[in-house]
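Each of the next two complexes has chain A plus one other chain: chain B in the first, chain C in the second.
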Partner chain A sequence: MLIRCIRTENKKLKHSILWLACLAIPLIPAVMGTFNYLGNLEILTPGWHNLWTQETLFYANFFSAPLVALCCAYLWRLEHRNHNWNALMTAPVPVWATVLAKFAVAFRFFLITQLWVGILFLASGKCIGMEGPAPVEILGQLLRGTLAGAAVAAVQLFLSMAIPSFTLPVILAFIGSIGSIYVTAKGLGFLSPYALLMLGMNANHQENMLEGQLFPFLAAVAGFALLFGLLSIIWLKKKDIRA
Partner chain B sequence: MIRQLRAEQIKARRRRVWAVTAALGLLLCLWGAFNYRHADVSDLAQGYSGLFYQLPLFNTILLPLGLAVIASRLCDWEIKGNTLKLLCTLQKKERLYDCKLLMGFKHLFLIACMETTGILAAGARFHFTEKLKIRLLALHFMTLLAAGAFVYLLQQTLSLLWENQLAPLVVGLIGSFAGLFSLYFPKEISRLVPWSYFCQFTPILMDWNRETRQQRFYPTEFPTALFLGFLAATVGVYIIGKLLFVRKED
Partner chain C sequence: MELIIETEALTKRYGKKTVVNELDMKVPQGSVYGFLGPNGAGKSTTLKMLLGLIHPAQGRIRIFKQTLNPKNRLEILKNAGSLIESPSYYGHLTGRENLEIVCTLKGAPKEEIDQALALVRMENQQHKKAGHYSLGMKQRLGLAAALLGRPRLLLLDEPTNGLDPAGIQEIRDLIVSLPKKTGITVLISSHLLSEIDQMATHVGIIDQGQLIFQDSLRALHAHSRCRLHIRTTDNAAARTCLAQKGIAAAEKNGQIILEDASDSSVTRAIRLLVYAGVGILRAEAPQVSLEDIFLRLTGKKVSL
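After this line comes the complex of A and B, so read on.
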C-alpha cells in the first residue's frame, strides 16, 4: 500500500516546477560561494574546507529549511485545494500510508537537492583548480545535513497539513531557521529541527560542530521525525471531511 | 476606488496576513536589537549607525520571501476561488491590480513603521550614546519603502500571473538568496540584482579592523542618482506588471 501511495504522490508532482527549485536554488550558493571564496583568498586558507564554508554559509543557515518547507507545502496544497481533502479522507488508504508516502517524497526531494549540492561543490572545486580529492568529512557533513532534513520534513509536513495555507508554513520555516541561529549559539541546537540542519551541515565552521555528539544528533533527528510523524497520523485520523 | 479597497479589506479577513506582517516586523526588530545585549561603550557610541548598517542586511534576507508570502496571501484567493473571471466583469482589471497593490503597500508600510520604531526603542532600551540623526532615520524608512515596493510589485505581478503559487515563492526564495550573496560582489554586479537594493542605499559604511577586531561605522553620501533611477525602474515594473495582468486571459 505504501509503495502505491508513493507512486500516487509521484504522479501528483508531474509537471510541477518543484524540481526547478531543487535544481536552481543550490546553483546560487555554488556559483556565488565560489566567487566569494576566490575573492577572499587573502583572508581564507585555500582548501576544500573553506570552499565548503563559503558555499554552505547561507544555504544551511537560511535557505535549506524553506526549500524543504516549499516541497512539503506543495504536497499538502494539492489536498487542500478543489475539495481534494474529502477525496483523501474517504479514500480506502490507511492514514499512516498517506503520511509516510508524503514524507518519503519530501525526503527524496531533499536527498536529490543535497546530492546536487554535493555535485556542484565538487564541480566548483575542480573548476577553480582545487588539488586532491574532497575530504571525506565534507561528504559526511552533507549526509548529516540530509538526515537532519528528515526531521525538518516531518515538522513541515505536519504544519502544512494542519495549516490550510501554502505560504504560511514556508515563512514559518524561514523564521524558524533565523531563530535557530540564536538557539545554536546558545548550545541548544538539538532542540530545534532547523538548527539540526545547521549543525549537520557544519555551516560556516571549520571545526566539527558535532564532535563527540553524533549520537545525540541522530537521536534528535529520529525524535523529531517520529514525534511529528505520529502527530500527523493522529491529527489526520481525528480530522473530519469538510462539507 | 474606496469601495473596491473596502472589498479587498473584507476579502483579507481571517487570512492572517496581519500575522505575517507582525511576525516579520517583530523578527526584524528583535534581530536588530539582539546584537546590543552585551554591547560595550564603543558599540553604544555608534549604536544607531550600527543599526542603520545592519538592518538593511536583515531586510535583504527576510523581506524578499516575506513580501512574496504577503503578495501570495493577498492574491491567492482569487486564483483558488477562480473569482477573476466574475470579478473582472464588475470591476476594471487595472483597478483590481491597483487595489491589491495598495493593500500590499499597507503591509509594507507597517513593516517599515515597526522597524523604524524598533530603532528608536533599541536606542532607548540599550541607552545608545550616539545622537540620533533624524535625516538618517528618514532615509532608512524611505529606502526600505522604495526597495520593498519594487520587490512587492514584482511578487504581486507573479502571483497574479501564475496560477501555481509555488513559482512566486521560489522567486522570492531565490531573491532572498541572490540579494544576500550579491552583496559580497562589486557594486557593478550587485546592482543588477533587484533584491539587493534594500542594502544599496544605506547611508552608512563599515570599516573592520582585523587587528583590533573593532568595527567603525561612518556616513557616506546618499546615491541620489541611483535612487532616482531605481524609482524610475519601479514605475517601469508597475506599468509592465499591470499591462501583463490586464492582457492575461482569465
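After this line comes the complex of A and C, so read on.
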C-alpha cells in the first residue's frame, strides 16, 4: 500500500521544477560560504574544517530548513489546489500510507540535496585550492544533518497540510531557523527541529557540537518525526474535508 | 427491494446550524437515485458523509449492507467511485497521467484507463495537460476517474455543471446507461429538476437539510395527477348539481375544480351539468408539472 502511495507521489512530481530548486538553492550558501572563508582567512585557520564552518553557517542556519519547507509545501500544494482533497481522501488507501508517502518523498528530496551540498563543498574546496582529502568527520556531520532533516520534514509536512498557504509554512521555517540560532546558543537545541539541523551539520563550529550527545540527538530527531507524523495522521482522520 | 445505501437519522451540524437533519435515505440497488434540492440544501454534505469525508453529528450510514465505520471505510471506498463538488485534478499532469494516479491508488488494471477514456469520449484529449482543459472536459475526466476500478456505486455531485448542452446530454445518456450495462447504482445530486426527471428511477428531495420526498420517479409523477377545471355559465347551479350526485367539486378563480379527473368521472360530471341546463364554456385539465410539485413541497422555485 505504501509503495503504491509513493509511486503516485512520484507521478505527481512529474513535470515539476522542484528538483531545480533543490539543485539551485544550495549553490547560494556554498558560494557565500566560500567567499566568507576567503575573506576571513586572517582570523580563520585555513583548511577543510573552516570552509565547512563557513558554508554551514549559511546553509544550516538559513537555507536548509526553508528548503525542506519548500519541498513539503509543494507536496501539499498539489492537494490544496483543484479540489484534490476530495480525491485524496476518497482513495482506498489508509491515511498513514498517505502521510508516510509524502514524508518518504520529502526526505528523499532532502537526502539528494544533502549529497549535492557535499559535492558542492568538495568542489568549492578544490576550486580555491584546498589540498588533500576532506576530513571524514564532515561526512558524518552531513549524515547527521540529513537525519535531522527527517524531523524538519515531519513538522513542515504537518504545517503545509494544515495551512492551505504555500508561503506561510516556508516563512515559519525561516523564522524557526533564525530563532533556533538563539535556542542552540542557549544549549536548548534539542527542543527545536530546526536547531537539530544546525547541531547535526555542526553549523559554524569547529568543535563537535554533539560530543557525547549523539544518542539524545537521534532520540530528539525520532521524537519530532514520530510526534508530527502521528499528529498528521490524527488531524487527517478527524478533519472534515471542505475542498 | 435491496438497498445499497441506507441512512438513519443522518445529521450534520456546523456550530448551531443544522445542515443535514435526520436524513433517512434509501437508495435501491441498480437504481439511478436523483438527489434533488436547491443550492445549499445539504446535498454535497450528505454525499460527503456517505464517503466519510465529513463526520456526521449523529445517525448511521449503511452501504453495501455494512455500517460505515473507520474499519470498513476503505473496503467500501474500493467499490465506490465519486465526483464531489468540482472535479479533482493535477493541472500540471495530462489527463491520462491523472487517471494513472487514480488507477494506482485503486489498484485497478491500467487497461481500464482506455475504457474509461472511451466512455467519456476523451481519447483525443488524454495527452493534454488537465490544467488546460475546459470545465466540461475536467468534469469528464472526473467522471472517468470515478469509473476506474469498476465500482458498484457511483456518487456524482452535480456532474453536468459546466458542460455545454451537447455534453450534458452525452453525460446524461452515459449515466442512464450505466446501471443497464454494468449493474452499477448511481446516486446523482442536482438542483435541476428536469435533469433528474430525465435520468432518475428514484428521487429524494432535500430542502433545508430535510428529506421532504423519497420514492420512485413514477410515484413523484403520480403527484402530478391533474384536476379538471370547468368554466360554466352558472357556477352555483353547477356546484349544487354535482354535490347532489356526490361528486367532489370546489370553486376557485371563477371555475369549478373537479378533484377526480378520471375519464369516467369527467364523462359523468359533464353529462350531469348539460342535463341540468348549465352552460359549459370551457373544460380543461392543466398538467401539473414536476416544478409545481417541487414548489408545493419546498415552497421554492427551482431551475429548469
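Note that the second predicted complex is superposed on the first by the 242 of 243 C-alpha atoms of A that agree within 3 Å, B and C clash if a C-alpha of one lies under 4 Å from a C-alpha of the other, contacts with A are read in each partner's own complex, and residues count from 1 in each chain.
By definition in this document, a contact is a pair of C-beta atoms (placed from the backbone, for glycine too) under 8 Å apart; a residue touches a chain by one contact, two chains touch by 3 or more.
These numbers were taken from a predicted model, which means no experiment stands behind them.
When the shared chain is aligned, chain B comes close enough to touch A:58, but chain C does not.
By the document's definition of touching, of the two partners only chain C reaches A:237; chain B does not. By the document's definition of touching, neither partner reaches A:139: not chain B, not chain C. With both structures placed on the common chain, the touch criterion links A:90 to chain C but leaves chain B unconnected. Legend: residue contacts after superposition of the two complexes on their common chain; A:218 is shown touching neither chain B nor chain C.
By the touch criterion defined above, A:81 lies against chain B and chain C together after alignment on the C-alpha atoms of chain A.
In the superposition on chain A, A:16 makes contact with both chain B and chain C. 16, 81 are the residues of chain A that lie in the contact sets of both chain B and chain C, per the superposition on chain A.
Chain C contributes residues 48, 51-55, 70, 74-75, 77-78, 80, 82, 84-93, 97, 100-102, 104-107, 145 to its touches with chain A in the complex. Chain contact summary for the complex, chain A toward chain C: residues 4-5, 7-8, 11-12, 14-16, 78, 81-94, 237-238, 240-243. Listing the residues of chain B that touch chain A in their complex gives 16, 20, 23, 27, 31, 34, 61-62, 65-66, 68-69, 72-73, 76, 80, 164-167, 169-170, 173-174, 176-178, 180-182, 184-185. Note for the complex: chain A touches chain B at residues 16-18, 20-21, 24-25, 28-29, 32-33, 35-36, 39, 58-59, 62-63, 66-67, 70, 74, 77, 81, 165-168, 170-171, 174-175, 178-179, 182.
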